[in-house]
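A, B and C label the chains in the order they appear, each numbered from 1.
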Amino acid sequence: MKKYTSAYDVADVNELVKEALHLKENPYNYKSLGENKTLGLVFLNPSLRTRLSTQIAGNNLGMNVMVMNLDKEGWALETQDGAIMNGTTVEHIKEAAAVMGQYCDIIGIRSFPKLQDRDEDYSEDLLNKFISYAKVPVVSLESATRHPLQSLADLVTITEQKPAGKKPKVVLTWAPHVKSIPQCVANSFAEWMQQADVELVITNPEGYDLADEFTKGATVLHNQDEALKDADFVYVKNWSSYEQYGKVLTDGEGWMMNNEKLALTNNAKVMHCLPVRRNVELSDEILDGPNSLVLEQANNRTYAAQAVLKRMLEAL
Amino acid sequence: MKKYTSAYDVADVNELVKEALHLKENPYNYKSLGENKTLGLVFLNPSLRTRLSTQIAGNNLGMNVMVMNLDKEGWALETQDGAIMNGTTVEHIKEAAAVMGQYCDIIGIRSFPKLQDRDEDYSEDLLNKFISYAKVPVVSLESATRHPLQSLADLVTITEQKPAGKKPKVVLTWAPHVKSIPQCVANSFAEWMQQADVELVITNPEGYDLADEFTKGATVLHNQDEALKDADFVYVKNWSSYEQYGKVLTDGEGWMMNNEKLALTNNAKVMHCLPVRRNVELSDEILDGPNSLVLEQANNRTYAAQAVLKRMLEAL
Amino acid sequence: MKKYTSAYDVADVNELVKEALHLKENPYNYKSLGENKTLGLVFLNPSLRTRLSTQIAGNNLGMNVMVMNLDKEGWALETQDGAIMNGTTVEHIKEAAAVMGQYCDIIGIRSFPKLQDRDEDYSEDLLNKFISYAKVPVVSLESATRHPLQSLADLVTITEQKPAGKKPKVVLTWAPHVKSIPQCVANSFAEWMQQADVELVITNPEGYDLADEFTKGATVLHNQDEALKDADFVYVKNWSSYEQYGKVLTDGEGWMMNNEKLALTNNAKVMHCLPVRRNVELSDEILDGPNSLVLEQANNRTYAAQAVLKRMLEAL
């Protein structure tokens, strides 16, 4: 694998899930694979789970791991071709990525969207340029439009927890939040579920439909109660509007997932990528109750990252 | 050992001192103990000695060590049960601690008091909740009321330096400072000295008495000169008022430890946890002279941390 | 080697270049040398290449590497002897350096000049005090007046690329920039080139002559076109005025290195230490063209650092 930025970079997502589950059982079996190999983790935005789980994944494979908070320890990157750099950007991504590519065998990079210009964000300009100039395999640690390590961990979790002998109904539901949040986790989850053997229903208020490229093939409903009916898994997540890009259109009263909503489902397992705003997106009763999978998801982040890194190491 | 937050978490402090001294002689003898184990160090406040010495302690035991500056690289934690998280806190400690507990085999955490609400600080709410939700062994890297790795290093240093055949007189003296400082180092030192075979005298201006739970059994004097008489060790430290909580009540003129004060002692060794405000808390002549133990204390931080981590690894 | 702060700390720069080239071929041959040794990297200023390449150099030699962003994670250091520390500095360099020297076997430190007081900057007070108090070997990761790991990497690159059978002409040329930049890279490059078997010409606008100690023996020209004639290597770098210390005296119109200038040379290879302001210091056409060595220079940073660390480890 030369890059890992979306489900489309993976030949067979189910095989990758199997690999992750195998690594969960045998995390230290491949320590020689990463010997004398360096994993560089570049953060242009904050991270907790992604940073720690990917560090451990690298360690488990015997790699040296270096973390670089480019936003705090480094400097602003220029991405425009031909820019006359007489402003605030200190280094062009051409040099920054190429240099890090020389130092590292594999690079992970996180870069959030600015949520101001949809075309710019959805072009994934920074990520694509970084990959192109770095020349080494690159793992997205969350980009403007997707969060593929999260989605792989989510699919691993669903695979572990799904009822036997039945195609599970998975509902991705919008939830309220207090600020403008990217669509990437929701986009990415939808993208991955469409590669998996599940029935996907997406529910959100009007004005919050995700981009067609992510929703095509799924059922989209604006009535949450209708969507939740008989769900086996409910994935709760806020996102800002794609149509009125980056805007918060409603406070979403009545959209918080709670036990009353849970009663509509098939005793569904409830998922969230974390961090979660308690009692805004999801009620305490759910998060502290037996139906929550949020910690299992976070735990599976390690093995999702390890499966991807293992594939990349094998292809070096 | 499942947690290390105070002297009361240690069955026998003298055995732990012996362990630390043994590790100081043989720092790399237990490298297999930490193989494939991860130590997470979580900082909600700045750190120099604690961070570096604990990192080295983990490395000496063969652990992978991950440092997480949660204040700078992460986000604000909610600690209130039942909070409706529509404000500035981004993640509840329930999730944050539980997730880090899944990723790490042992966690160290530093969290300073806010010095505004005494009951809140002395409840050690954040530390206790973190331990409860993390589920793995937790080492305090300094909390609202105590700094137990510092105190263990202090007791190791006193053990190395104490005169033979005599119960040493140890004086903990308040010193001036320019800002409001927590009581935790002083509290903790008093707590540990009461478990050790020393005579403890505490001296501070009126209004600066520490909480009873830490001073009971010790002699408390408001006359520094009287307290210093015949001291074998003088531990110098500023703290803000416990009674008028967090307040600075005096500029402490005449309380700075210097050679004139040293002349009152039994040629005492002088200690400080660092960082020290030179010529405010302690004079240059003492810090640069033969009686200072401050660097020995800092050096022993590594072996104090290593002794605690070794115990925790053995009990995993 | 006990310290590495300038070319004068190296007995024979050509031998050190050979060592670096040997390590570039065999980066993992000396992993046992650094076993149970700790490299501490202390940054008082931002860093990308230096941080990553020196981390990898330490890892390649089997060392544990700890990064400490003292400016962000730590606190302000006092350097004045006898200071009454009742202001904003939290710890004296006497203690900070001594403690880090106890924790680490080798320390790297980066500290930029303030560009306000020339005598203060050129005294290298902070670096010299740090070395004196740390007591362990210290590597400069760029100081007020020099950047010796960069210069070694530059000499390694020139050695790899130089035309056979000819003493190459190396031109160090000033370039425009948008802010006030230290002289250290230029100083250091000049210092190292004078130890190497090259003809050194320095060109800059009037008012930008470097200090005599760095330029003596080299040809200094204020006419860039004349200087570039028949150059085999052109090293492009901005620096602020040494004479009118720290000042920007001109916008440097006409001094940017581009293909028109390149035509004056002997098809020169073009060098820059990075980060580079594209189309201000150097044109896109050069950086994206076949004559640029900037990535080779950055890549050689790893082996320059490794050569220095290897020498220090051997002398421990």
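By our rule, contacts are C-beta pairs under 8 Å (C-beta built on N, C-alpha and C of every residue); 3 or more make two chains touch, one makes a residue touch a chain.
All values reported here derive from a predicted model rather than from experimental measurement.
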| item | value |
| --- | --- |
| Overall pattern in which the protein chains touch one another (line/ring/star/complete/other) | complete |
| Rotation angle (°) superposing Cα atoms of chain A on chain C, nearest 5 | 120 |
| Rounded Å distance between chain B and chain C, as computed from the means of their C-alpha atoms | 39 |
| Residues of chain B touching at least two other chains | 72 |
| Contacting residues of chain A [partner chain B, same complex] | 27-28, 43, 46-49, 51-53, 55-56, 59-60, 69, 72, 178, 274-280, 284, 287-288, 294-295, 298-299, 302 |
| Residue ranges of chain C touching chain B (in the complex, touch as defined) | 36, 38, 40, 64, 66, 68, 70, 72-75, 78, 81-87, 90-92, 94-96, 98-100, 102-104 |
